[in-house]
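For reference, the structure is listed below as structure tokens.
As written, the chains take the letters A, B, C and D, and residue 1 is the first residue of each chain.
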Amino acid sequence: MLWAALLRPDLWAATLAMATPIALPALGGTYSERSGVVNIAMEGIMLIGAFFGVLFAYYSNSAWVGLLGALIMGALISVLFAYVTVNLSADQVIVGMGINIFAAGLTAFLLNTIFGYGGTPRTTPALPNITLPGISNIPLVGPILGSQNVVVYLMLILVVASHYFLFHTNLGLRLRAVGENPQAADTAGLNVRKLRYLGVIIGGMLSSLGGVYLSLGLLNSFEVNMSGGRGYIALAAMIFGKWTPLGSLGAALLFGFAMALSMVLQGGGISSNIIQMLPYALTILALTGLVGKSTAPAADGIPYDPNK
Amino acid sequence: MRTCLEVRDITKSFPGVIANDHVNFSVSDGEIHAILGENGAGKSTLMKIIYGLYKPDSGSIKLYDQELNFTSPRQAIQAGIGMVHQHFMLIPALTVAENIVLGGEPGNIRYRRRENIEMVRDLAKQYHMDIDPSAKVGDLTVGLQQRVEILKVFYRKAKLLILDEPTAMLTPQEVEELILVMERLRSQGIPIIFISHKLDEVKRISDRVTVMRAGKTVNTVETKSASAQDLANMMVGREVVLHVSKPPQEPGEPILKVEDVVVSADRSDKVKGVSFQVHRGEIFGLAGIDGNGQSELIEAITGLMPCKEGKIEFLGKDITHSTVRQRTKEGIAYIPQDRHLDGLVLDFELTENFVLRDFSAEPYSHLGQLNKKSIEEYSTRLSEAFDVRPRRIHALARNLSGGNQQKVILAREVSRNPELLIAAQPTRGLDVGAIQFIHNKLLELRAQGKGVLLVSLELDEIMALSDRIGVIHDGKLMAIVPGGEATREQLGLLMTGVDMEKEG
Amino acid sequence: NTSAPKSTNSASAKKDFKVGLVTDVGGLNDHSFNFLANKGLEKAASDLGITKGVVESKQMTDYETNLTRFAQDKYNLVIAVGFLMQDAVEKVSKEYPNTKFMIIDSEVTDRPNVASAMFKTEQCGYLVGVMAGLMEKTPGIPNALGKNTVGVVGGMKIPPVDDYIAGFIQGAKSVNSDIKVNLNYTNKFDDPALGKQTALSQIANGADIVFPVAGGTGTGVIDAAKQKNVYAIGVDADQNYMAPETVMTSALKGMDTATYDIIKDTMDGKFKSGDVYFDLSNNGVGFATPIKAVPKDVVDKVNDVAQQIKDGKIKVSNKMPAGF
Amino acid sequence: MQKTLKGLITPLLAIVIALLIGAGVMLITGDNPITAYGALFSGAFGSTANFSNTLASAIPLILSGLGVAIAFKSGLFNIGAEGQYWIGSMVAVWIGYSLKGLPSILHITIAIVLAMLAAGLWGGIIPGLAKAFVGAHEVITTMMMSYIAIFLSHYMLENGPMMQPGYTPQSPVILPSATIGLIVQRTQLSWGLLIALVACIIVYWMLYKTTLGYRLRSVGLNPRAAKYAGINVPLHLILALFISGMLAGLAGAVQMLGVQHRLYDSFSSGYGFTAIVVALLANNNPFGVILASIFFAALSSGGQSMQLVSGVPANLTDVISGIIIFLVASKDIVQMVQKRWRKDQTLASGKEV
């Protein structure tokens, strides 16, 4: 049964689709934490992105406008986050938790006041699925990679681009330097605040994109708390991936795979509840067995005030 | 000669301290200007103000008659000021090359990994510094890190150099190299501000000296016109004795026996079979260039690292596999080389730090419950006996100056009345007064018939205090020479692995 | 009971009649019973002119507090939505014997002031199951995959969900004994993304009719069917509006009408304690008018089965068939 | 005393600012903020019953918040209190209905002790061992264990060994002998409150007055120095997660024995994440945990009464509490407002003179 399942291309397509809303916020968290700001607000920012994506898409009748609006809202809330954590040295974890609670409340409140309890309108446009003509005909790869939502491809591009950005550009070097030792970066002439803003804002936009994928990519509607804890799983994926884009994707894929597998394996007489423990158990096993220690950027979570 | 830098009436206070109090001094082109002062006199603070890291409360700074109003080091760098910081400003997770080019990377978008490595290799060669540009800074010894810190400044081609204690971590040979470089720069007309606690270096290379005391500039003198003793007196504000007097003493029976010890870390042997003994009433000095296995050796003796092979005997008992706790109880005291990393819990109060090694023993705790009163009494006693300032036992260790932090550790370890004290770099970064205090404590222990194992990179310190000196190189003990007979040259050669007896 | 208002003629009497509704932790956005019960309440407020109060519970421990609040504020009828509130209703109804309570989806017996609204959703589940079973057998249905496979996505393995599913499977098997039913539980009622992936996986496995019984998670299931051009069956309410070409019918659970009816009865002094069953015979459950893709003879057959159930000729159990 | 008062100014001001923002939102949506807030306040504190229920909801927050705080103090981020809560709940209920014929005190004690042990092991064994020996990050392991615990509880109740035969998936009711009695009748406030308060005192004493607390704190602040001090660092990492889990488990046990009396099939209690916020807002101080818990409990129960009276959705209280957390964390914003206000005041009074 397991073998048969592993050979099903839809399992692997589902893996990719399930990994996307984890990989994006994990990538977002990577940016933020690489610049030294602990980001636990992915869950909340995803909800912001998911809700405002639908809101803007519905009123403009364009999913792309929705996407843009969601990214802007993700950036705006991140500016606020950056302001209090970078300029005012607020505790990053507390602020992050505050944003999560705030975002869950705000999106539910706005959903009810704007659209009522029945949910968002069915006429909301969604982001398109794309069929890659060259790839979709290749056996095995085709059914997996050939036709997915546009955000899935975007995610793959962003992961690779982020890897290049963080590890092969001067700006990426600077961003990492700030997260490792802001004082040293400061004395080397870097603008610590600007770089941290950059990390936090890119991070917020990526988390927001993860939310948009849920609401406008997979669906065309918003549900209360539809992020469903993926922001927290993303936090785990980011740590698991050792604060790297490729690692985060890898962890997200592992998780997505286990989720997809637990879907496929159901119905064999074992309680679905037991089968659904699989992703979580597998993560622990992989972490302890293969990955072991993963160390955060040295100055992650530590506010930098040059006069102290 | 043109005046390069002019500092006028700079004042800077931190909560509770005036670190700089109307400071005045100036630096001319082509001058090496030394700044001297006790720990906490305000030297680093002043340099950080010049470099734009701190904003002064009042006063003015002029660079070539231009008023400086830096709000960040970026402007200082643009104005051509380069600074080597006393506490490393390095990023351990990045490579040497990355650390050096950071903030001034060549090219636009792409980070040019290979080109940068080559460039840094050339730069290092130019200044006669041997370093691997692609090594991770976190993997380097402190001595090598110091070189990176210096290379960073040279990379930027500064017009004014500030070197805040650049020699504290260098071997004698490296110090010589650095002095050569400084002289070369002087001849090119580049002014250098040089901070050091080592009076002989200051005497040798500086043109003028400004002495600071308690945040104020006391005096600026021509170096030639003052003796080392004069400078020391000016710094401290009273007469100081610069030389330790070590009365002769017969050593007693052996207290620590180390036999063929092998210690390995990161999958390679760092200590490769070392044997020696420390006797009662003896200071055994361990000399060596940083990174040759001395840290691993003492951590194996104190129980912080496992001993792969060999045997360690203490007071006749085999302690090779004992825990840290057991060894502590048996009477081994240890002053670790990095006080922030190992020696203190910076966010604990002094009281809690004073009992760090004995909190679970009577009378500091009883049946698992801490005894606040006796801990406080003990702390007060230690604070007074070792002149820890401020005298507030509930202050956080973090808020003490480095010298006073070191005194807390010393007080804790010495007062445990140990049979053996292992002291690693006990005087690093301390001023002459504090060094003197610590040296006297070590000699007191020796007089009481205890054993002392002293590890230091400072040859002068080793030679002045040790009864016998073991020289370690590449994890092996090259030789053990009697303290009285050793010469700097002989030790220096042994430290670099040249065995004269074999060669000769 | 004498304390019930005897007449509802005057406008002020209507306004004085206060009905409170306590949702379970799913909240009013659950696309399911909380939403529908509230819909019934709103209808009552606008048609009958009663005063309404609604509270969304945030935690399990809020049930008791919220029910008590209404009782203390002298509400005439307090509606508890969901079987999770059974203990709380039992407790509070004892403490406030003069207040009427209604609980949906659970039985509170032996209390003169509690009405339990129970829905025989296995019956409507059975009917849509028959419809699905016949569709799978009928050749030439557009967009059918021909694998004789259907998918069911349950929110959680709890009675209000499993009643539907048990009925569905029995119905489908009764007309199509070879039919394959893929059953998945998402264990979440508010994750449409997960619902969609689950349904996509079922569709990839050959299912061309999917039946979500999973609240908000179900909207994702319908979305998957729409994307893959297969059929879905709505649940609780007529969900055809979500995807008019896709949702071929819906299994209806008349929680809105039940709520409305009980409010009206209580106003009219006809409050009846004990179990109130809603089934096919009193139109408490049913199925929505199928779309054109469902052949007429299939619809006729389903109507026929419905009549047999009403007549008691077919008995539908709410027990899961063996193997599920 | 004065210091305590000063410490309270920031949160109070944060609350005021957040309420003002909330009022602004209500004005936009056409609701009356005065009615709404009146209802919120009276719903939380307005009567003995309301106040009792607020305190009752604070109990599980206090206990799980304490657990998270201990972990933080030991340098660990226990994000899995939720799962530990469920484990504690399961064990307490199971003992509560299956052990028969015991005197009440004994029955309650056994249920609580075993619940704490089980939850402690849940947090301590896998996350603790993985942290101590492989360095596996506890954020991941505790979070994953938490999800597993929740699925385990579903399993137990949905045709599993703890399911009460019958229609609904729920456990049997615990026996009267396992029930913790009420302090105020007709409310949910049980003597569990006393357990929570005693736990705060014990945790405070443990952390600051015992060698164990000393060891945990030094491991948390500087593990290398702790090793140097002769402390067995891996052991104390495990111990910290164990104790942390025990407290979250105690929260579950007290909730089951005192309020719920049986286990229901549900998704999450929400206590796990709120506990993190509680611990952080309290700066990991055991007594601060009490205040922070009451605050969140009040907002939650008051919010529902607000929805009832004024029709403003209870979600708005989440918006408000999010803003409050945000403002309390960024003390400087509040201080800026404070200064501004003072300046305005002095300006105003200056004009008057």
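Convention: contacts are C-beta pairs under 8 Å (C-beta built on N, C-alpha and C of every residue); 3 or more make two chains touch, one makes a residue touch a chain.
This one's a predicted model, so the numbers in the text were calculated from it and none came from an experiment.
Asks: Shortest hop count from subunit B to subunit C along touching chains?
Replies: Steps on the shortest route: 2.
Asks: More contacting C-beta pairs: A-D or B-D?
Replies: Comparing B-D with A-D, the pair joined by more C-beta contacts is A-D.
Asks: Whole-Å distance, subunit B centre to subunit D centre, using C-alpha means?
Replies: A distance of 47 Å separates the two centres.
Asks: What's the distance between the Cα centroids of subunit A and subunit D, rounded to whole Å?
Replies: 27
Asks: Using mean CA coordinates as chain centres, what's the subunit A-subunit C distance in Å?
Replies: Distance between chain centres: 35 Å.
Asks: Give the residues of subunit A touching no fewer than two other chains, as numbers and ranges.
Replies: Answer for subunit A, listing residues that touch two or more other chains: 108, 112, 271, 273, 276.
Asks: If I count partner chains per residue in subunit D, which residues reach a count of at least 2?
Replies: In subunit D, 151, 154, 158-159, 313 touch at least two other chains.
Asks: By the touch rule stated above, which residues of subunit B touch at least two different other chains?
Replies: none
Asks: What is the complete set of touching chain pairs?
Replies: Every pair of chains meeting the touch criterion: A-B, A-C, A-D, B-D, C-D.
Asks: So in the complex, the part of subunit C that touches subunit A is made up of which residues?
Replies: Residue positions touching the partner: 27-29, 31, 35, 38, 157, 182-185, 187-188, 190-194, 196-198, 200-201, 204-205, 216, 219-220, 223, 227, 241-243.
Asks: Sort out for me which residues of subunit C touch subunit D in the complex.
Replies: Contacts found on subunit C: 20, 25, 53-62, 64-66, 68-70, 72-73, 83-84, 86-87, 95, 106-107, 156-159, 187-189.
Asks: Considering only the defined contacts, which subunit D positions touch subunit C in the complex?
Replies: Listed in rising order, the residues of subunit D that touch subunit C are 43, 49, 53, 56-57, 151, 154, 158-159, 167-169, 173, 186, 188, 255, 259-262, 264-267, 269-270, 300-301, 303-305, 307-309, 311, 313-314.
Asks: Report the residues of subunit A in contact with subunit B in the complex, numbered from low to high.
Replies: 167-174, 176-177, 180-181, 183-191, 297-298, 306-307
Asks: Taking the complex as given, what residues does subunit B use to touch subunit D?
Replies: Its residues touching subunit D are 302, 304, 323-325, 328, 334, 336, 341-348, 352, 356-357, 359-360, 365, 368-370, 372.
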